[in-house]
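First chain written, first letter: the chains are A, B, C and D, and each begins at residue 1.
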C-alpha cells in the first residue's frame, strides 16, 4: 500500500487528486493539507466526500506529512512548490509536483514566471512527467514535474510529427480552448458565472506561460528548435481542453502516412487514442477520464490535428497518479479507468 | 427630454439601466457614476457600449450629477442608497432607488438588514414602485423604491388572490429560482463559474431578506397579515427568475374563476401577461423583456401559480424605467418593448 | 465473476450502466444490445469507451444474451421492458429493469402509462429496488424494478417522517428540478440546446407519471395513504435532481428530533448522507456519485427537506448496480465509490 | 411606413427578425408566414411576443403576402428561397434573402450545396448584403443576399488587410466558434442539450459551405484569389461567433500600421468597432447587438485577428434590417441600437 499525502487539497486539482487516489486500490491517503482557517474534516469542506474519507484537512506540517507518507503530491501555486518540495525530498519522500516550478530550465522559468528559481538543485533532477515521452525516467525519478494542462494536450498532439515540423522550421499554430476549472478555484470577477456563461474569449494570445513549456519539451523531442504560436480561449464548460493545431507545409507526408505515424507512436499507450483519419474528437469523449484523444485531417498542404483532454485528469491529477503508478511499478492504469 | 443620471453604473443593474435608457427616445443620459479607480469612458469599461454612448464614468459628485439631471437612478448596495438619496432629493431631483433602502418600514428594514435606517423622513414619503399596485402614487412620487427582484415576480403572482389567502390565514409556499446575475457583479467564489455551472442549490431558506418585503406589500394589499414561506434557489443561467407558488386551500374558487380573477386584474397592464389556464410560462418567454408572465393550474385543493420575470429588467432596471415613464407622464412602455 | 448483459446500451442510462459496470471488479460485461442500424463496436458508437471495452453492440438476441449472462440489465423504454423481461426470467436469468414496467400495481400502471400491462405474473414477483427500503427482498429477487429518478430522491427524503405525514393526512409538496439527461437521449426540439440553455420551466405539474410511484411506495411504507403534490422542473444542467419538499404541520416534532429521525434511519446506509440541521445539499455534492444527500430545516410549522441525487446514478444506473451487488451478496458499494 | 412580410417566421432567424422589426419605428410587420400545422397567433406559438404583436402566422400565400408588403424577408432554408424569391420579385417587391441561395455564383453554389440553381436570372442581379462592402449597391438592389453568419465575421475581420494577403498568396487560417442557434431550430440529437452542454467540438473542418462564400467575397474585394482554411467549432452558448484568424507573413506591415488600416477602414461604420491594438473582444461584447468587434495583435510574423458578432443579429436578422434601412434611405442604425 502506497501512503500518499496531498498538499493543496482544497483547489480543483487537489480535490480531484483525492477523488482519483480514493479509486486506487494500491493507495492509502494519509494526509490532506491546505491553507485553512482552522483544521476541519475534509468532508465538511467538500460534502461530496462524506462517507468516503474521514481525514482532517490541516495546515501543512511538513514533519507530520512526511512521517506518514511515501509520496507527496503538491497541488500548489507556482513559486510555492519550489519552497516546499525540497523539504520532502531531503526526507527521502517522492514528490509529484503539479505546479510549473520544476518543468522548465531556470532561465526560461524565471523569464516567464517573473521570479527567481530557488531550488536549482532539485530542478536539475526533476523529470517532466509526461509518461508518453519520459516513462523510463519517471520510473526512477524522485521528483516528477507534472505537465501543464495545455502542454499535455498539445505535446501529445505533436509528438509523432514534431521532427518533420522542426526540420522544416515551421511555426505551429495552436488554437486552444479550455474549461473554466483550468484557472483554479478562485474568487475572481473574470471567473464569475456572469462573465463566463454564454461568453467566449481569447486571452494571453502568444503570451501564455504554457507556450514556452510546449516549445521547450517539443524542441527536446525534435532535437532542434520548435516554434509554437499559442492562443488559448476560455470555454463556458467546467472541464476539458480542445486544442486545434494547424501545420501548413508543402512537404507534408500523405494523410495515410501521417495517420500511421500517430497510430504507431501511440498504439501501446494506455491513455492515448487515435481516431480514424478525418474523425475528430470532442471534449465529451474524454471528460471525466484520463485519456487524450487525437484526430487528424489533411487538406492539401494543411494538417489539422485536434486533441482533447480533461484538464483536471490527464491535464493534472489523473496524469499525476499515472506518474505515481509508474514510479511504484504498478499497472499504469490502476484506479484510472 | 428627461435628463437622467445613473449612480452605480458599473454593476449589473446599472449597466442594464444604461441599456434601457439608451433605447428610450425621451431620455438623455447625462451622467454615469460609480466607484472607479480613475474616471474612464464607460465604453472602455464595458466595450459593448462602444459607438453607443461616449460619457465618462466618474466617482460620484452629487453637485455635478444634480446640476445635469432631472431624475437620478441609484443602483447602489443597500445601506449606501439611504446616505446618497437625501442629497439629491433636497436639490429637488426625482430619485428612483433600486436598493432595498426605501422599500420597508424602518422597523422591518432594521431587523432584516441589520443596520439602522438613517433617512426616516424620505422613507415615509417613498412609494413602492410596483406600477401594477401603486401606479397613481408613483405618478407624483419624488422618491420611488424600486421593488426587489423576487418580490416583483411573487407579488404579481399573488395580487389577484391575496385577499382570499389572507382571509383564510393560509401560508403561501414560494419556491423561487433565480439566475446568477441576481446576486450582482461580485468576485465571490460562490458565484464563480466552477461553483454555479452544472450545479443547483437552495440558499437562505426562509431567511432571505426579500421575504419580509413580500409579506409587507402583500399584507398591505390584502388588508391583513400574509405569511410567506420563501425558499430561493440559484439557477445556472444569467438572467431570469421563475417562482412556483403553492396555495393549499379547501375553499378555493373554481379554476376558471381563479383564472378570470387574474385576467381581469391584469388585462390592461402593459407588462403582465396571463397564460391560458394550465399553461405555464418559462424563463425564455421573458428573458430580455420587461414582462411578467403568469401561469395558473388548479389540482383539487391545490393552486399552483408560476411567474417568470427577467431579474435585471422587470426585476430591476426595466421596472425602474417603467416607473420613470409613469413619473413623467410618458406612455409606460416607452423604450421598453 | 458476475456475467452481465446490458440491453438498451445506447441511451443515457445504458451508457452509464456500462461505465459503472466497468468499474466493478466483480463483473464482466458479456453483451451490449440496442436498436442499432447495424452492429458496431460500442467504442465506435461512443468513442469515450475506446481502450476500455471492445464488445460489439448488437440488436437484441435474447438467446445469445441469455446464454452469456447471469444477470441482465434492461435500460429500455417503458412498455418495451415488460415484453422482454419474461423471456430472460424464464431462462432463469436475474433481471434488473430500469423502466417503469415493474414498479407499480397493474391498475395504477395502466392508468398512468395508458397501456395494458402484459406481464402480470412477473409484476407480482418484482421487488421495488430501493435498497434503503427493500434490501432484504432485493437479496432474493429474480426481478428488480429499479426506481424512477424522481421517486428515488423524494422517497429517501420522506421515509423517516412519512408515518407522521400519513397519520396527520398532510399533503406533501414536492418541487423538483431535474437535469436534461433525465428525459433520455432523444432528438426532440424541446430538449435542444437552444430551448434548454438559459431557460427553466416546470412541466407536467401534478401530472407526472412519477407521482403515483412516490405515493404508492410511500403509502406502503407509512401503512396508510400518502398524498404528494409533485411539480417537476427542467434544469439547464446535464445531471442531477434537487427536490425541495415542503411539509406544513402544526404538530411537527422539534427540529432536533426530526433531524435525529433522519440520522438514525440512514446512519448505516452506505449511500445516504444526512447534513447537519439547517445545512442544505447541492447538486454538485452528488453529481457523478451514487449518493443521496439530505438536508433538513424547520421554520415554525414548516419542515423543508432538500434531497439531491445524480439522476443517472442513484436515480438509475448506479442504483441498478447497487441492487446487483445486493442480489449477489457483494459489498453494496463495490464499484460505486 | 415600410410594410414588411416575414417568410419563415418560426425559425431562430425568423423570430429574431420579428424582434428587430418591432423595434424599428419606420416599419410595420404586415404578415408572418411559416410551415405551420394550422394558422395560429404568432404570440401563441412564441409567448414572448404576447402584448407585442397580434398577427397570425400562416402558411405562405404569396399573393396575400405580396399585396400587403413593400419588402419581404425570406428566412428560409437554402434551396427553398430560390423557389420563392422570384415570385415576390416579379410582383415588384423588394426581397432580402437570409438563405445562401443568392450569395454565390451558380457554379460555386451548385458544387457546395449539391443542387441545381433554379433562378439564375435573379442570382445575377442579387447584391451581397454586407453594408461595409456593398453599401451603394444595396441602396438600389431589388434582391439582397444577406451574408452567412461565419462569413460576416470573417470578411469584416479581413477586409482591410485582404489585398496584402492576396498579393502575398497567403493562406488565412480561420478557427471559428459558434453558438448553437447558428444551426437553426431543429430536433436533432446532435443539437440536444445533453450533447452540446459541457461539450465542444469542431465540425466540417475545411468542408463547411461558408468557406467558399468567404473566399469568393474576399477574392472579389482583393482583386485576386484568396484562400481560407476554415475550421468551425460548436460552442455551448446560444448566441455568438468568435473567429480567431491567423495570418503568418514575414512581410507584414508594423502593428501600428495594421491597426491604422483597420481603424481608418471602419471609422465611419456604425456597426464595426476596432479595439485598441492588442485588446481582444469577447462574445459578450456583442451578444444581443448588431455590432462586429475586431481585435488585432501582432507577434513577430504572426498577425492574429479576433472578431465577434451575434450570429442572429449582425450574422443574420440584424444585418438584414440594416440592409433594409439602407434600401429605404433610413439611418442605417434605425431600430438597431
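Here, a contact is a pair of C-beta atoms (placed from the backbone, for glycine too) under 8 Å apart; a residue touches a chain by one contact, two chains touch by 3 or more.
For clarity, every value in this text was computed on a predicted model and none was experimentally measured.
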item: Identity of the chain that, by mean CA position, is farthest from subunit A; value: B
item: Pair sharing more residue contacts (C-beta pairs) when B-D is set against B-C; value: B-C
item: Averaged-CA centre spacing for the pair subunit B and subunit A, given as whole angstrom; value: 46
item: Interchain centroid distance [CA atoms averaged], subunit B/subunit D, Å; value: 36
item: CA centroid of subunit B to CA centroid of subunit C, Å; value: 40
item: Contacts with two or more other chains, residues of subunit C listed in rising order; value: 195, 197-198, 236-238, 281, 284
item: Graph class of chain-chain contacts, one of line, ring, star, complete, other; value: complete
item: Subunit B contact footprint on subunit D (complex, rising order); value: 22-23, 47-48, 50-52, 198, 270-271, 273, 275, 281, 284-286, 288-289, 291, 293, 337
item: Residue ranges of subunit D in contact with subunit C within the complex; value: 12, 180-181, 185-189, 191-198, 236-238
item: Contacting residues of subunit C [partner subunit B, same complex]; value: 171, 173, 175, 177, 195, 197-203, 205-206, 229, 231, 233, 235-240, 242, 244, 246, 248, 280-284, 287, 297, 299, 301-302, 304, 306
